[in-house]
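By written order: A, B and C. Residues from 1 in each chain.
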Amino acid sequence: MNNWKPVAILLLLVLPGGFAGIWRVQHGIDGQLQKIHEEQDEVLLRSNKMMKTLSLEYAPLMADVYWTRVVQYYGSKGERREQNLDSLWPLLDLSTTLDPNLIPAYRFGSTFLAEARPVGLGRPDLAIELIRRGIRENPEYWRLYQDLGNIYYFSLHDNEKASQAYVDGSNVPGAAPWMKLMAARIVERGDTRQTSRLLWSELYESSKDQTIKENAKTHLLLLKTDDDIEQLNLLIAEFQKKYGHAPTQMRELVEGRLLRGFPADPEGFAYVIGKSGKAELNPNGRLFKLEPLYRRF
Amino acid sequence: MKTRRSLESLTMHVGEGESFGFLGPNGAGKSTTLKLLMGIIFPTSGSARILGKPISDVEMHKDIGYLPEQPYFYDYLTAAELLDYFARFFGFTAVEREERVARMLKKVGLETAGKIQLRKYSKGMLQRVGLAQAILHDPKVVILDEPMSGLDPIGRHEVRDIILELKREGKTVLFSTHILTDAEMLCDKVGVIVGGKLQGVGRPGEIVGMKPSGMEILFEVDESDSRSGALRAKAARSGSGFALRVPEDSVYAALEELRAADAKIVSVAQIKPTLEEYFMHLVEKDRAQAAAIEVYGK
Amino acid sequence: MMRVGAVAWNTFREAVRDRVLYNLVFFALLMMASAIFMGQISLEIETIVIITVGLSAVSVIGLLIAIFTGVGLVSKEIDKRTLYALLSKPVRRWEFLVGKFAGLVLTLAVNTAAMAVGLVLALLYVKHSLERGDAAVFVAVYFIWLKIVIVISLALLFSCFTSQLLAILFTAGLYIAGLFVTEMRNLSGSKLAPITQTFFSWVSYVLPNFGNFNVMAAAAHGRSVPSGLILENTAYAILYCGIVLTAATVVFSRRNLK
């Protein structure tokens, strides 16, 4: 019985000390691993069918594992890094091969495979391939047609095909009525901001995926700034006419009674007049940094 | 169901250079006591010391040797390799190890079998290896758990000789056995354990609290001769003759009678109650006690 | 120290004399031969396939040996009662444990090294020459060995207090759990309640994180592994084994042996 004490003390010291050490070392390892750009699935990803056969009835579970990885790497809380993008397609390809009904993967891929770098992979062709698979395997899910139409519209500027996608989607039982409306609108008034706004709004409203929502929202905000800047440029032109010289600061517009207050972007940063004499986003604002990254209409 | 205590407040003392025999039926607690001493199991309370050091002192093991009950060793090793392996724990040099191993194998009669893997060994051979590894390092105290088990009469004789030699070398020997004659022959002191309790400790003679209960006369006689008839009727057959028991004070009278009948006197000896009788008496007592408890504690 | 070494050497000797070990090594060599055939079918990715298949074989075989031999390290000695005579020698229980551990670790080091050599030979056969990037294969093998060492320590721990069958189940279970630690750590940011997230976060540090040791992709593509990771992983393995061995010592020190 007298041997209990030193042994118990040993344990009480070693256990917390040891795990504290582990905690620190683990963080070191995390840092190192990110450097390596680890995609151990890459090798196996080349043969999706083989993976599917190997996984047997656990295929949907495996699909979830890989889907989780997508979320981890590209989700809004994850670290979206340039080098991770290369694995986006293989991961999505594999996930949807293992589980063809993994709708979130299709929807996610339609946005982020198509968006130009660095926001997405910049491969609208892959996005289309993915969505077509999704439609083939889930013909009743009409929203995939919505995603398909968006790819054609935003990334490929092919209004005809975009409209066609919306038409096809509108024919699926249970599709929302606006699908038909969108189809018509794209053909009649494609390439306008308003159309784009409608499409992004629809996506924002309907999507449950935070990342997709945020992406759509950013597009909407930038569209708004486009509107604002267009308006402001008109006012600048008026000022020019009225006072004979171009204004260099917003203040002048306010003093000249053309503006009632200082206009700001949707996030509260005041617009400025740039060197070119046109209205511009405030350099301090978040949208200023995002603008060049996003192709938008 | 109550958990049985395997040992009840055991207190005993073995002097240096003594040979102490632990006697008792199977399951009495002999092995348990020895395992406690070796630190294989731990007591719920109490303490013990060997050579003045607490049993938790592992260094003290340098001076003690242990033969476990029904020993079994790494069967992929040869006897020589096993002994060499164990020898490494004592810090001998390679030369010393080699010499000791050879000497031990010879001592226990295994010199020719030294290179054979232990998995091929008979029980008796394993017992000898066990003994060899116990005394390999020339310990001051040797603790043996059933050293005779599994041995044929020759083997047992040899082991007895080894134990006597250890005694002569002044070592302390503690061994357990349920063979009484071995205990009588080899031990200075004997402790009798029955049912987990130490029933008595003392010299083999003392323990039984000895009083000779008479004399036994062995004689041979011509059975056709009627003069010895009365005596023969009182006697029991013994081999080719008879054994007559008489109280001590009647010995000479009986002898006279036998001489008169031309009987040949083979021997005259005291009848001592043996360790065996004392032993059986204790076992019976213990069983009776256990029965009593069961009746009450239902 | 000598005593630990004596126990370790004897454990190693036991593993070597146990013919199961030889069969597994033979199996590994067989695996690599088939890798060469597989490589011939797939053309450009032969190197990748050989390295991936080879490393997988090294890992699986090493783990099998570690688990099946590891769980018997202590329990076999108790069941067969060979431990009694040993404990009567001047050797502490922890010295015995560490010695057994070291012996099996040594066995697997030898075994893993042999398989690594086989793998490199197979690579040479296919590529006809080696480049700098191929050094990553050695690092990958080293990491696999580190992973195996951790598994050995776990098997030893369970061997101290359960039967061999249960120990196999527990050790294998912990190994599988350890593969998902990365996923567990990514659960933060998901929809679970904060308490659950904290719980999983803690658990993810307690469980052995075997994802740390997987650099198979880097090795397959000839990308070198940063030396910082080598150091960190070694430190991780040392720390983790230290904890597990201490726990084993505590469990075993006061155990009454039959």
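One rule holds in what follows: a residue touches a chain if its C-beta (ideal position, glycine included) is under 8 Å from a C-beta of that chain, and two chains touch if they have at least 3 such contacts.
In this text the structure is predicted, and so the values were computed from the model without any measurement.
Of all the chains, the one whose CA centre sits at the greatest distance from that of subunit B is A. Ranking B-C and A-C by contacting C-beta pairs places A-C first.
Comparing each chain's Cα centroid with the centroid of every protein Cα atom identifies chain C as the most central.
If you average the Cα atoms of subunit A and of subunit B, the two centres end up 87 Å apart. The mean-CA centres of subunit B and subunit C are about 49 angstrom from one another, to the nearest whole unit. Measuring from the averaged C-alpha position of subunit A to that of subunit C gives a distance of 41 Å. Multi-chain contact residues, meaning those touching two or more other chains, occur in subunit C at positions 254. Counting partners per residue, subunit A has 3 as the residues that reach two or more other chains.
Across the assembly, subunit B contributes residues 42 that each touch 2 or more other chains.
Of all residues in subunit B, only 35, 38-42, 58-62, 64-68, 70-74, 76-77, 85-86, 88-91, 130, 133-134, 143 touch subunit C in the complex they form. For subunit C in complex with subunit A, the touching residues are 45, 48-49, 52, 183, 186, 189, 205-206, 209, 212, 214-218, 220-221, 223, 225-226, 228-229, 232-233, 235-236, 239-240, 242-243, 246-247, 249-250, 253-254.
Those residues of subunit C whose C-beta lies close enough to touch subunit B in the complex are 2-3, 6, 10, 13-14, 17-18, 80-82, 84-92, 254, 256-257. Interface residues of subunit A, counted against subunit C in their complex, comprise 3-4, 7-8, 10-11, 14-15, 18-19, 21-23, 25-26, 28-29, 31-33, 35-44, 46, 65, 68, 71-72, 75, 77-78.
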